[in-house]
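Before anything else, here is the set of structures, which you'll find just below.
The same chain A turns up in both complexes below, where it pairs with chain B and then with chain C.
Coming up: the complex of A and B.
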């Protein structure tokens, strides 16, 4: 019988897994709108994770981070993207290169790669739950799959944002005592990304009247 | 103290006798949820009694396979309760005859024989149902394997009794990611295997959506009764595995004392009814998936089962 992990690491593992599963759900969600809602849900789980880590490791800074995360990622960013989409008013369903089942299989393979990589590093420490680190690497990799396989601006933006969620999870678990300033800097990065992606969405939609990036793989003068 | 073999017989008797009751309760609650009065709780028993009194009609093209299949399937469903913890926490004499995989094989044999009979009848809808059941069965199998792998990794054995004991041992097992993922994957499998709504409408007459139900369209009389009783038993067996192995292995008899064994029977049936209520609520809150979307549903359960194994491998989670 293997050693049962402690309740703390079990809970953090479960929450991180939930983040990974929402990443997979984004991969299969056909509607862009539901993708954005999934992102909001994912950010909510990250917020809960921050609160759990704050409570059990006694890092009061993280409560502030959780509050900022909630306001920014659960309310503000999804709201902004949804508003942009309402203005664009086209292409509500995203496009993907492959069928759903094969996308999921590829994503499974990629996350297996992430898990195996972390296992071969042989990181063992009492304060670091290794599974959580492996799962957050898997989150980042699956986010890459999402960005690569979906051919529309919104999915790619959401993929980028959720990639940031994956990094956030890793930093929460690996370095809970990270100065608040650094975390806030990360979040500020996210805001910049939102602005950039917002501009891309509007310009692209204004020029080609679609959100699909399908025609953007050719160089044109 | 009860004889262990007596307890073992009682396990089978509980499944055989209790299965129609659980189905009846689910059908009744479902009726209530839909604003109907719903059938009587004991209706499945009356149905079975009526079917056993009727004659057995066989199409001219069919051979003995058509008649043997219901009996083979029923026998399979009688064997599985010997292998899983139904009433007791301790292993019974015949309980180590086969592991989880063995039980899975016996269940597959039952499904296979029914599908064979469906194909043999020569009727288009029965053949359609059989073909679909086999197709999706092949997709369910890998998930089941990975669930078994996860269980085997956690307990270092693939006996259902061992996992139940692990869960009872400590509460932190319940938040162990590998366990939770395997349990949820198994839950989705049960949903698919008992013909519940995201996959199939279990009570209806729409042949085009049928998978498991379609296979038995040509049977009648006692043969049909055996098949229906068998599918009720399969449902209760899967619920029992879900409850007594994964989710809530409490309320089982710890010793062969008469009182604790006798009390374990209503405890099991009660828990099965609660699980049945959950399934009924799911049944009434979602719409059926299109046939070709079922692969996505099964891919999701496969994902959970694979993640269970992976998470275990990384850090004993």
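Coming up: the complex of A and C.
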């Protein structure tokens, strides 16, 4: 295989950037529902990315992955979480430690840090685009900011889901030859997170009537 | 049986049993799981002499070298003993909910053990990641199985942190893959043989990044400080057989994953860098765990912090980079598995008897529990590295290895912190197990207040002298027996296995 066509790396860079921007949008979304919708949109972008990579790099496995991604991450997981929230009829606004502006500022700093770190490694590859790896590391780091700074179960869940999207982007573009099994196994993790999320909603929310993690401090020390 | 068919059996049988136990009633699942556990242990032990001759490969997916078999034997041992322990520990409510709990429990335990025995025998870092991912998926559900508020809180922290850790570990795998593309082209398989053969051509910066990400990611599941925070919660709230498996087997498997990255990194950039990384994480873990051990009130949390301590010892032992210390580390994996398993079985017996995990309400354990009480004391002493048990021998090897370099302060730090941990553990032993019998004159039975959330426990627990179950005692006796064997006289094949595994880790010298 020769060098990658520039339209290909242009398209993948554009799509990964879109994933990163959605991550920022999640950070500022005040309503938990809009966070979940943004996650569904982000997953849709990842699906498109999978199809683009499958078509231009001739990896037919990735079509299957795109299909599973769409069903699971665009439809099933957001649908289930929204349903659980509707049942619980809970407070719809998330809670955060900092104001929106400071959160975005931190997220920008963190993603610049991720970008610079990867770039200073001076990884050169004739066949695979390095900027995408840097962007996906930035996505992962911003997901951590989301998890740390917003203190409710839904934001934590969405933070983890979107971190999974970030790692997915990296594996799609940088390591398309990685066995399909790896990506599928990670999708299972999402489902289990949703199941445990359901248990939390039932057991925990039933008692405290809030989704804030402030009450989850029984276990310490 | 040929070596390959043994390996294939190890990979297939527990999965089939897991599916079967989902449909079978509990009275059949119990013996089936015990028999499977013992069979898998026997098969794993049968691999020891064969793997000493040459690594075993089955197709492109399965492979076992000496390093794999060390971890396989440790896990299979826990599979067998935990199955025996669970047969005595599990008390199910009558009716449908009890039957459902039993089916989910046994199916989950077998699936969990399946994923853990598969992890060391798959070929390549991608499949290894998949196996460890499956352990998370299954064990998170097992932690939540009791359906209490505390259990759901613990399960949430576990699933979130472990998944985030595995996300980082997957990133490590991807970066390592990326590092290899310069040598192997854009599509290749990540088998160990291939990675090790090509490692010295990999770009060093990428390999270093991959190693740090791997230590951080798999370290989250292994319980390295500062990414250990899920561990005490999950260990204390899970059903005790699950705690035993988490603590004694799963943490070691995640250490195995780090060792595989260590092997590749060592060939690519030399051993100084990965050793330094492990030293930092190891000292942090040992320090924090030793201090937390001094202030625990919950038996199972105490044992959980003891696991963090021992994982710290493993990391520090690897950081010495001496053959002797590496052999010690691998022996420590085996002896920690036996000791921690036994201690958790003992805690299960205590929880069943006293109806609480709170150490302030547990008194006179040795008097109340005629067999498992003294066995528990022995297990705790074994965990604090008392001779003649296996951990004494392994820590001795690690420290001797560390002292061989007089400028290295690691061994001194290790000795000091292990001593602090010893105080924490002996405080527990003297307060709860060796304290006077709560029943004055040995007569009327003491009534302890409402127990913590123990499934199926009555509101008031009357403490009478006697064992909750003979199966618990059997499991503990087997565990301590193994610790004695490891400590007093290592079988020659096992010792050869450890030598060979240490050589594999150290690279061709």
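One rule holds in what follows: the second predicted complex is superposed on the first by the 209 of 221 C-alpha atoms of A that agree within 3 Å, B and C clash if a C-alpha of one lies under 4 Å from a C-alpha of the other, contacts with A are read in each partner's own complex, and residues count from 1 in each chain.
Note that a residue touches a chain if its C-beta (ideal position, glycine included) is under 8 Å from a C-beta of that chain, and two chains touch if they have at least 3 such contacts.
Not measured: the values here are computed from a predicted model.
With the C-alpha superposition on chain A as described, chain C and chain B fit side by side in the combined arrangement. In the superposed model, A:67 makes contact with neither chain B nor chain C.
Once the two complexes are overlaid on the shared chain, A:31 sits clear of chain B and of chain C alike. When the two complexes are overlaid on their common chain A, residue A:101 makes contact with chain B while staying clear of chain C. Of the two partners chain B and chain C, more residues of chain A are touched by C.
When the two structures are aligned on the shared chain, A:189 is found in touch with chain C, with no touch to chain B. Shared-chain residue A:122: touches chain C; no touch with chain B. Of the two partner chains, neither chain B nor chain C is touched by A:148.
The overlay of the two complexes leaves chain B and chain C separated by a minimum Cα distance of 15 Å.
Shared contact residues of chain A, touching chain B in one structure and chain C in the other: 1. Here chain A touches chain C in the complex through residues 1, 57, 121-125, 127-128, 133, 137, 140, 144, 147, 153, 156-157, 160, 163-164, 166-167, 170-171, 174-179, 181-182, 185-186, 188-189, 192-193, 195-197, 199-200, 203-204, 207, 216, 218-219, 221, going by the rule given at the top.
Residues of chain B touching chain A in their complex: 153-156, 166, 170-173, 175-177, 180-181, 295-296, 299-300, 302-304, 306-307, 310-317. Against chain B, in their complex, chain A makes its touches with residues 1-7, 9-11, 13-14, 17, 20-21, 24, 28, 100-101, 104-105, 108, 111-112, 115, 118-119, 129-131, 134-135.
On the chain C side of its complex with chain A, the touching residues are 126-127, 129-130, 133-134, 136-137, 140-141, 144, 147-150, 152-157, 159-160, 163-164, 166-168, 170-171, 173-175, 177-179, 181-182, 185-190, 203, 205-206, 209, 232-233, 236-237, 292, 295-296, 301.
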